[in-house]
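Labels A, B, C and D are assigned to the chains in the order they are written; within every chain, residues are numbered from 1.
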Amino acid sequence: MKLSFSPEDELFRDQVATWLRDNLAGEFEKLKYRGGPGDEHMFPAERQVWEQKLAEGGWTCVGWPREYGGRGCSIEQQVIFFEEYARAGAPGRVGHIGEGLAGPTIIAFGTEEQKRKYLPGIVAGTQLWCQGYSEPSAGSDLANVKTRARLDEARGKWLLNGQKVWTSLAHEADFCFVLARTDPDSVAHKGLGFFLVAMDQPGIEVRPIEQITGTSEFNEVFFDDAECRADDIVGEPGDGWKVAMGLLGFERGVSTLGQQMQFQNELDEVVRFAKGNGAANDPVIRQRIARAHAELKIMRYNSLRMLSGQSASDGALQKEALIYKLFWATWHRTLGELAMDVLGPECDILEGAPYALSRLQSMYLFVRSDTIYGGTNQIQRNIIAERGLGMPREPKGTAR
Amino acid sequence: MEFAFTQEQEMIRETAAAFLAEVSDSAAVRRAMATERGYEPALWDRVCGEMYWQAIHVPEEYGGMGLGYVELVATMEQMGRFLLCSPFFATVCLAGNALRVAGSKEQQSRWLGQLCEGKLTATLAFNSGSSDWGADAITATWRREGDAYVLNGCYRYVIDGHTADLLVIAAREEDSKGEAGIGLFLLPAATAGVECRWLPTMDQARKQAAVRITEVSVGTEAVMGELGQSWEALARVIDIATIALAAEQVGGCQQLLDMTVAYTSERVQFNRTIASYQAVKHKAADMMLRTEVARSAIYYAACIAQEALEGTALSGELSEAASVAKSYCSDAYFAVAGDALQLFGGVGFTWEYDVHLYLKRAKSSEHLLGNGTYHRERLACSLLD
Amino acid sequence: MKLSFSPEDELFRDQVATWLRDNLAGEFEKLKYRGGPGDEHMFPAERQVWEQKLAEGGWTCVGWPREYGGRGCSIEQQVIFFEEYARAGAPGRVGHIGEGLAGPTIIAFGTEEQKRKYLPGIVAGTQLWCQGYSEPSAGSDLANVKTRARLDEARGKWLLNGQKVWTSLAHEADFCFVLARTDPDSVAHKGLGFFLVAMDQPGIEVRPIEQITGTSEFNEVFFDDAECRADDIVGEPGDGWKVAMGLLGFERGVSTLGQQMQFQNELDEVVRFAKGNGAANDPVIRQRIARAHAELKIMRYNSLRMLSGQSASDGALQKEALIYKLFWATWHRTLGELAMDVLGPECDILEGAPYALSRLQSMYLFVRSDTIYGGTNQIQRNIIAERGLGMPREPKGTAR
Amino acid sequence: MEFAFTQEQEMIRETAAAFLAEVSDSAAVRRAMATERGYEPALWDRVCGEMYWQAIHVPEEYGGMGLGYVELVATMEQMGRFLLCSPFFATVCLAGNALRVAGSKEQQSRWLGQLCEGKLTATLAFNSGSSDWGADAITATWRREGDAYVLNGCYRYVIDGHTADLLVIAAREEDSKGEAGIGLFLLPAATAGVECRWLPTMDQARKQAAVRITEVSVGTEAVMGELGQSWEALARVIDIATIALAAEQVGGCQQLLDMTVAYTSERVQFNRTIASYQAVKHKAADMMLRTEVARSAIYYAACIAQEALEGTALSGELSEAASVAKSYCSDAYFAVAGDALQLFGGVGFTWEYDVHLYLKRAKSSEHLLGNGTYHRERLACSLLD
């Protein structure tokens, strides 16, 4: 075990920090601290310009192999990059679904042609992606996919019909990866396909979902004979679940440290308010702030364990990774409550009519989704108990 | 000793529930909360004209129904359940109780009379922006000038303060501290020098205002009770209103529980209704526990509030009963609302479903008139110091 | 709703308090505050003398009908009696299983002969009872009874074989009521009988269970051809479950208010310690004490609701009664933790070797059983969800 | 940056686990804890002779193994897991670290040498009976008399104080306050005027003592560091020891989790193993979460403790790392122990099953060297004041 980074890595850190300081300025100044979770609907166009700026500097896809246009950074360097990115207050990445999910999936499971076709646009920040997994009747039961894909062999096209939900950035995205049922008689995780679908076509309609924040960051996406080419399927028809699950694996990675840096920014703001309004003198608030601080510290150590463990080759179950989602989601939700309680009765007062939330208010409301999406806390506990502790699986119902 | 509703009280509750289910459904709440006023005058007219709730616990001599605080609390519980958008709490529980506790015969007969006729909405302003809802929250001042009193100061969190016709305000003698020097004044909102400004709130179903008073001069007829000695009366008013607010919270808990049981019994995941999962059942059980315990707290507190209004044997328990009820109900409501949202999952996160309305009410009402920590510290002072 | 008692009831309160003050003295002085939960093994003989003293004063079975030797008190008067009893610090009743469980069961389901035979000894405090429900493999699954009863028609006796567990006062008791399987081929709640069995016989062996307190209040009771008369069965063979369930109903009654008075005594002691060692100045401890105080207050109001509801004849589900066990058990467990945290590092220091616990230490450890016996918190939540909220029942397993 | 055990560290942990599973099973723990001494000398001899743990992080120049605090913490975690009854924590983590941090070369070479040979047990005494484990806990005093120092005072919660050969004690200059005036002294327990008395404890598997020192006169060779300026050094010692204690707590969590999963997978109710109930699974999942998070905390803290012992770059994080680890691990351990007992049900309430041994350890170690509230307030001071 060692905590310090190598001199080379520290040099890399300086390089990242310097580039961000020099470039996150001027027209991009207003993007600072914007576009994160709960704020993803803000400045999409400007943030795409920023994405391209990053690409110019070689700061997109830093963890991807060089052969696919990435920077080929080590895990340590990726950690450093995401930390410095968040520390600088650089904006939420409109390209993160392409860089973090679609790209790695295509790299892992895609054909050479798919790689040539889709990866460069992600690296360049010119093509944005969104994700088509969740459906209204799915929710925690992710495999309960009702969207169907039918191959029109004559036209050499897949035709997709169905509905996806909770799709963020659907309005801005150029492409969507869609999990759809290729075998109409199949159920659950069998008979699915994983499709790469262009968003700009008549068969796709995007409707925003109004959230409890009054804003709309998520969307419903309707597919009505939406098309993609016959070879725009990743893997074979029927492989969709395998591909999708591989993809979910990519979600848990080095970016957790950047996420934590955002959490730190939020906690710092809570502390600032507490000092400003006297809540910092309330012993109960002090305990809660100290607890949030301690657990955020440990969250970082836990991520370091996760990342160090990944390089181990023994394939052992990473318990610290298994509990991570439940831990951070619950922590973040608790931070939201703490923020409001620091504000006291002022927590109810908006910045303006009709519904202008302050940053902390928006955070407070938005974090309620953290314990729901990507596996609710309840599903997480099932997974921990079943995979981590070998306890019996939940019985699935038969009828209802 | 009888700690259950009488048949008449049951009837009042049932009637309130039936009326509100009809007039204060989700669409009605959303219509009203989107306005700056925050309530629909036509509905308030029906409340006053048909239900006569504004007069529920006002003595008959002033034109009221002469019922007790238990009846008020039972009604308030239903208002919280259906999130009724109305100036009831401000008018009846804040200003009305202030008149009851601190008003002179003349003041009561003038203002309570109008209030009972449904002609008047009113509110109480005392907190200048503190999370401590005790006497230190009062920073507005009064000073004597000849036969008149000159008032200055700012207030926040004034419920329905931008629409109320009448304000009851607390102010302290210049340079006074703590519980000393407090006076209570009746002030028509239209008085020159009184500026009431809407404060848009996260919980849109209850409106708050900021009130600024600049060199307003009033006569002795505006003074309630003994000038400078009014903290004790004001504290009683706040405690009595706090109990009504806690009742509203219990109503919210009940509705969330009912909604959650209904939703989870319909929602199917992995070919089972999610209500069949023990994780869901046990959360629902905890929600029910909190709701029932909270209900026990408010029914008792209602009895004590009644005694306090009448000055009978158990009045001395008022402060404790208010803090017991408000601390438990505040925490219960927020916990229940959080659990409800979690069990609704994604749809609970949408504006379309009603859960968020209750989540927001839970948080706003938690802090209004003192949160759990504040009220527990009040209890601790009397237990430990 | 009214909170005050009638003048007659207040007079009754004086009468109880006066009698207790006059009689809980001299030889009984040392019994004050003793023999409650966690302390039931203490002074059994002296407490039986006290039980008979109570009987002389007419203070046993105060809620029983007069025809069976009771005092015929109203619910209000019973409340008053139990409150004053606890307020006076009068000792845990060795007769409580007879008075509260066996007696009411016999009154409700027993034959006239059984009433004549068993009730007077309970009223007089001369015959003590213990309870034979739990078995090692039963636990929460109360109906999983393996103890068997076989009728030896020749001798006119039932012969019982099996094992019961968690039987308090088994050493002192004269009788035990035993749930046993009369139909050897039956399962679960069918085919059971409810037997009244004398403890003083060769077929019964009692072995104490050492608890985490180091003391032994509970016992295992082994039945090896233990006998009772053919007519010492309450109800018919096969009715045992119905009788037993009726009995469980009696457990939730007016005595809750007396129990709360004991809780108040314990909380008072916690407050005393907090004031003594400065913990009362710790804002976090203040919050916890205030919370305990508030919830204990509400517990009383909740009991008043329960009791008032009982006189209502509409048979509506009493929700406040349904949640009561979960509420008080959890409260009590939390009080134990609070007591230790008020003591701080001193909480670990015993009164003496080898294992002399202080009253608060003993309370702290013993209350861990409150959330387990009589239906664990988990079982309580099942019951609340299923009976109170109409949610689906837990599926029972088939094999294991 | 590498935040995983090296292969050698893995081996040390595995070896410790295997050894302790054999020598510190339930029967062994129960034998040792029933004695006043609290450990079996024969087993301690094996620990010292075969495992050499007493020397684990002592520099080789003093006869130690020269390993780091990460190795010590990994070992301590296993001791907590198997509830090893031994004077290890007192001797190595308290007194040993005091010698490392505050002892002169001569003191280290004399006493650490004996300690590494397994000839000596030792402990640290500083708290006179406070739940605040900072400088104010020290009320024992020293005064100068010629070339000698005269010590007086009482200590409580002195781990293994009734059996230790050597005491490191803290005392303050008469009339000094707070962090000023603190001195550290080496005092053989056999010194006249030193009285060590066993304090029987609820957690029988770790022994505590009260120490009384009456007019004990010592020379300069007994003084550690700069007399009167030793608070900073002592604070560091306490923090480093606190991290070891937190590691012990993590080991306890892990064992409780393993025991609970095993038991619930065997126990059948309603024809199902209770491990198949979601209520049980989810509690177990929460136990695992707490255990893993706690583990992350102590591994990091161990690295920091090592830096603090070496005075390298991150030493300044010591106090924070100790408070982060101890506050989380203390609360986690007690919660996990409570959950374990609940899931064991009735049998968990018996003396026969081992759950109660861990429940008691959880509570005693929670309060030893400061509970969660204390450590969070320490964090709050640096964050908010």
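Here, a contact is a pair of C-beta atoms (placed from the backbone, for glycine too) under 8 Å apart; a residue touches a chain by one contact, two chains touch by 3 or more.
Please read all numbers here as calculations on a predicted model, not as lab measurements.
Asker: From chain A, which chain is the farthest off, judged by mean CA positions?
Answerer: Greatest centre separation from chain A goes to chain C.
Asker: Using the stated contact rule, I'd like to know whether A-B or B-C comes out ahead in C-beta pair count.
Answerer: Per the contact counts, B-C leads.
Asker: Between chain A and chain D, what distance separates the C-alpha centroids? Give it in angstrom.
Answerer: 41
Asker: How big is the gap, in whole Å, between where the Cα atoms of chain A centre and where those of chain C centre?
Answerer: 54
Asker: Find every residue in chain D that makes contact with two or more other chains and list them.
Answerer: In chain D, 273, 276-280, 282, 373 touch at least two other chains.
Asker: Where in chain C do residues touch at least two different other chains?
Answerer: Within chain C, the residues that touch at least two other chains are 283-284, 287, 378, 381, 394.
Asker: Give the list of chain D residues in touch with chain A in this complex.
Answerer: On the chain D side, the touching residues are 1-6, 9, 70, 257, 261, 264-265, 273, 275-276, 278, 280-282, 284-286, 288-289, 292-293, 295-297, 299-300, 302-304, 307, 313-314, 320, 323-324, 327-328, 373, 376-380, 383-385.
Asker: Touching residues of chain B toward chain A in the complex: what are they?
Answerer: Residues of chain B touching chain A: 34, 36, 127, 129-131, 156-157, 198-204, 208, 267-273, 276-277, 279-280, 334, 338, 341-342, 345-346, 348-352, 356, 359-360, 363-364, 367-368, 371, 373.
Asker: What does chain A use to touch chain B in their complex?
Answerer: That would be residues 134, 137, 139-141, 144, 165-166, 209-212, 214, 277, 279, 282, 284, 337, 340-341, 344-350, 352-357, 361, 365, 368-369, 371-373, 376-378, 381, 394, 396-400 of chain A.
Asker: For chain D, which residues are in contact with chain B within the complex?
Answerer: The contact residues of chain D facing chain B are 277-279, 282.
Asker: Could you list, by residue number, the parts of chain A that touch chain D in their complex?
Answerer: Residues of chain A touching chain D: 1-6, 9, 76, 79, 271, 274-275, 280, 283, 286-287, 289-291, 293-295, 297-298, 301-302, 304-305, 307-309, 311-312, 319-320, 322-323, 326-327, 378, 380-382, 384-386, 388-392, 394.
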